[in-house]
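Sharing a structure with you now.
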Amino acid sequence: MKNNLTSIRLMSLLLSLIAVPAIALADTKVDVATEVMTKSFKERGQAKLDRLNQDKAMASCTEYANKPMPAKIAASITAENFAAIPFPKDAKYLGDWKAGERIAQSGVGKQFSDNPANPNGGNCYACHQLSPLELAYGTIGASLYQFGKNRGYSAEIAKYAYGKIYNSQAYLACSNMPRFGHNQILTEAQIKDLVALLMDPESPVNK
Amino acid sequence: MADPMKIRARLQGDKTQVIVSMSHEMETGQRKDAAGKTVPAWFIQNVKATHNGKVVFSAQFGPAVAKNPNIGFRVNGAKVGDKIIMNWVDNRGDNRTDEITVTPA
Amino acid sequence: MNRREALKTTGGSTVMALLVSAGLIKPTDVFAQATDWNKNAFDTKNLNDTVKALGGTTATLSKDIVFSSAPDIAENGARVPIAIVSNIPKTDSISILVEKNPNSLAATFFIPSGTEAFASTTVKMGQTSNVYAVVSADGKFYYATKEIKVTLGGCGG
Amino acid sequence: MKGSHIVQYLGLWIIGLFAAATIASASAADKVEKKSTNAKPPAASAKTTDPTIREIEKYREMLAEGNPADLWEARGEDLWKQKRGPNKVSLEQCDLGQGAGVVKGVYATLPKYFADTDKVEDLETRLVTCMVMLQGFSYDQAKKAPFGSADNRSNMEALVAYVTANSRGLKMNVALTHPKEKEAFAIGKKMFFHRSGSHDFSCATCHAQDNIRIRLQDLPNLTKQEPAQRAYTSWPAYRVSQGELRSFQWRLFDCFRQQRFPELDFTSQGSVALTTYLARNANGGVLLAPTIKR
C-alpha cells in the first residue's frame, strides 16, 4: 500500500517534471503576468492604475474563468456582495422611465476619454433588448423586453431589479454585468430611473 | 499638399468601370472641436474625369459626402492603355490631379 | 444644363490654355478655376427646393431610377454607400439627396453622352432618413426614393 | 425561443411569489436569465433569419467596395522607401522577421522573437525598432504618433497598412517556438481573462462566448480558432467611425479604453503579449487586412 503510494508519488513527480514547460507557464507566470500588465498601462484621465486591482470577487472570477468554480466560493461571492447592497431606505425603487431610457442608451462614463464631470450612462442596450423601438441592442445579457409586464409589477420584482443593477454579483457569481451601484458608476436616482424603465407600465419596455 | 487618389479603371466589355478613392476630411462645418469651437467646413466641391481631352464625368460635392470618399462611374469607348485623368478641387482651392491607365478586367 | 456646362468648360479651357501657354498661370490652376459649384442647390433643405435650384420646376416619381446599391440599414451613418442607375433616356445628371440632413443635397453627378447613366459614392447620414435619387434628362426632373435606417454599432462609448 | 421565455417568466413568477430577494432564489432567477441568454443563438447568430443582421451584412459588403485603406497603403509604401531620420536611410533594409528588406508575408508570422533586441515584437514594435536602429530616430520620436487623427497623421499606421497588405491572402503562422514567445503567449492569455476596473470587465467579458453581439456588432469568441481567425485577420482596418486606418495596437488600446482600464502603452510588453495570444489563436486563418469596418 505504502509502496504503491510512493510509486504513484514518484510517477507524478516524474510526470510533472516532464510536463514542466507547460505547467510552469500556467502557474508560475501568474505573478510575472501581473507585473508585465502593470508596467504596460499608464494612468490617463480618470482611469488610474488602481483600475487593474481586483477585489476578492474579481480575483476569484479571474482564477476560475476557465474551470468550474467551487460552489462554496460562488456562494460566498453572492453572499458578500448581497450584504453590501444598501437598498433604498424608503423602499421606493421606481424613478422616471424616460430618464431611464436615456441612461440605458448612453455608453459613456468612466473611460479615460470621458469627462468625469458629466453623468455616466448605463449602456444597457449594449447587452440587452429593452424598448422594441431600439433595433440596435446586444445579446450578451438576457432580453428585458416586457420585463415588468411578464413578471408582474410587484415590489419584490422592483427590489430585485434594483439590487441586480446595483450589484449583479449578489445574484450570480461572476455575472458579466457591471456592478453599477457598488462600483459607483450610476447613482441611486439613476438606478431607480432604470428600474422604472423596466417596471413602469407606461415604459416602452412593457408595451 | 493633398494625398494622391487611388484610382482603378477596368475595361469590362465595352465599358470602363472607374472607382476613385480620395483622401479628404470632408469636414461638414457643423462639428465642434473639444474646445466647443465649430470646425469650419472643408470639403471637395468639384470632381472631374477626363479621357482623351474630353470630360467624361464630373461631380459637385456638398459637405455631406463621406470623409475619404469614393466615386464610381462607367465610361464607354475607352481602350486598355488609355489614360483617365482625375481631378478634384476643394472649397479652400486645394486640388489634386492623378491619372490612371485603363487595364483589362 | 449639361450642354451649358460643357460649353462653359470648353470656353474656359481655351482661355486657360492660352494663359498657361503664355506662362501666366501653372497648369494645376486650370482645374482649380475652370469649375463652378451650385451653392444655391447645396443650401436647400428639401426635395422641391433642390430640384428648383438644380434648374427644374418639379420632379416626378420614376421607376426607371434604380438604387443599384444602397443598404436598408447602415451600421454607421458616417459612410453610406449609394449607387444609382438611371434608365431614363438622355439622362444628363444624377443627384443624391438625404432628406433629414441639415442640407438635402449631398452630390450631383454630370453624365455627358457616351458615359453610362450610373454613379456611386459614399455619403453621410445624420439619422434614419429617406434618400432621393434625382435625375435630370432632356430638361425634365425625375426622382426615386428609398429609406435608409441608421443604427448604432459597437460599445457605444 | 418561445419555450425559453415561458421558462423565464415562470422562474420570475416563482421569485415574485416566494419572495424574493433571498439570495438563493434570486440566484435561481439569474440562472433562468442565463439560460434564456444561451437559448438566444437563433437571434444572435441568425445571419439568415434576422433581417436587421442580414441588412447589416449587406452594408458591410457594400462598404468593402471602396475601401480608403488603399490611401494608407500607398502612403506607407512611400514612407517605407523614403530616406528618413537622422541617418537619412529608408526602411528597405528593415528586418521584419524574414530577413532584411523582406515585406512579403512577414505579417503572417508576427509577433515573433528577435535576437537583436532579445524581445518578442509585433509589427508596430518592430517598425519602431527599425526606425531607431536604421534611421536613427529616438524611441520617443519613433513612437510619437502611433494613432493618427485628422490634424495629426500617423506614419506608423500608414507603414502598418503597407506591410500588412503585403501578407494579404496568406495564412497566419505564428510559431511559438522560442521560450520568450511561449512566455508572451502565457502572459497574454492571463491578461485576456483579467477582470477589474470600474466595470469588472476583462477581454473575455465580450470575447469568450459564441454568438453574442454588442448592440449590432458580432463579438467574436477569441478563445476559439475559427472566430479568432476571422477577427484577427480582419485587422488592421479602415474604421469609418474614426475616418482612419487602425492598427492592431490601436484595436487593443481602444478595447482597453472601453474596458475602462488605464491607457495601454503603445508597443508595451503587455500589448505584444496579448497580441501574441490572439495572433496564435488565429493561426491558419487567411489574412484579409487591411479591411473596412463601421
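Brief remarks on what is shown
A, B, C and D label the chains in the order they appear, each numbered from 1.
Following the convention adopted for this analysis, a contact is a pair of C-beta atoms (placed from the backbone, for glycine too) under 8 Å apart; a residue touches a chain by one contact, two chains touch by 3 or more.
Nothing here was measured: the structure is a model prediction, and the numbers come from that model.
Put simply, the chain farthest from chain B by mean CA position is A.
Of the two chain pairs considered here, A-C and A-D, the higher C-beta contact count falls to A-D. Distance from the chain A centre to the chain B centre is 48 Å, each centre being the mean of its Cα atoms. Distance between chain A and chain D, defined via averaged C-alpha coordinates, is recorded as 23 Å. With centres taken as mean Cα positions, chain D sits 37 Å from chain C. Within chain A, contacts with two or more other chains are made by residues 111, 113, 125-126, 135-136. Contact of a single residue of chain D with at least two other chains is seen at positions 52, 65-66, 214-217, 240, 243, 257-258.
In chain B, the positions touching at least two other chains are 66-67, 70, 72. Counting only pairs that meet the touch rule, the chains in contact are A-C, A-D, B-C, B-D, C-D. Those residues of chain A whose C-beta lies close enough to touch chain C in the complex are 105-109, 111, 113-114, 121, 123, 125-126, 135-136. Taken together, the chain B residues at the contact with chain C in this complex read 15, 26, 28, 30, 45-46, 48, 54-67, 69-77, 87, 89, 91, 93, 95, 97. Listed in rising order, the residues of chain B touching chain D in the complex are 3-4, 6, 19, 21, 23, 25, 27, 66-68, 70, 72.
Every residue of chain C that touches chain D in the complex is listed here, in rising order: 69-76, 78-81, 120, 122, 151-157. Chain D makes touch with chain A in their complex at residues 5, 8-9, 12-13, 15-16, 19-21, 23, 26-27, 29-31, 33-34, 36-37, 40, 43-44, 52, 182-183, 186-187, 190-191, 193-202, 204-206, 208-209, 211-217, 219, 256-258, 260-265, 268-271, 273.
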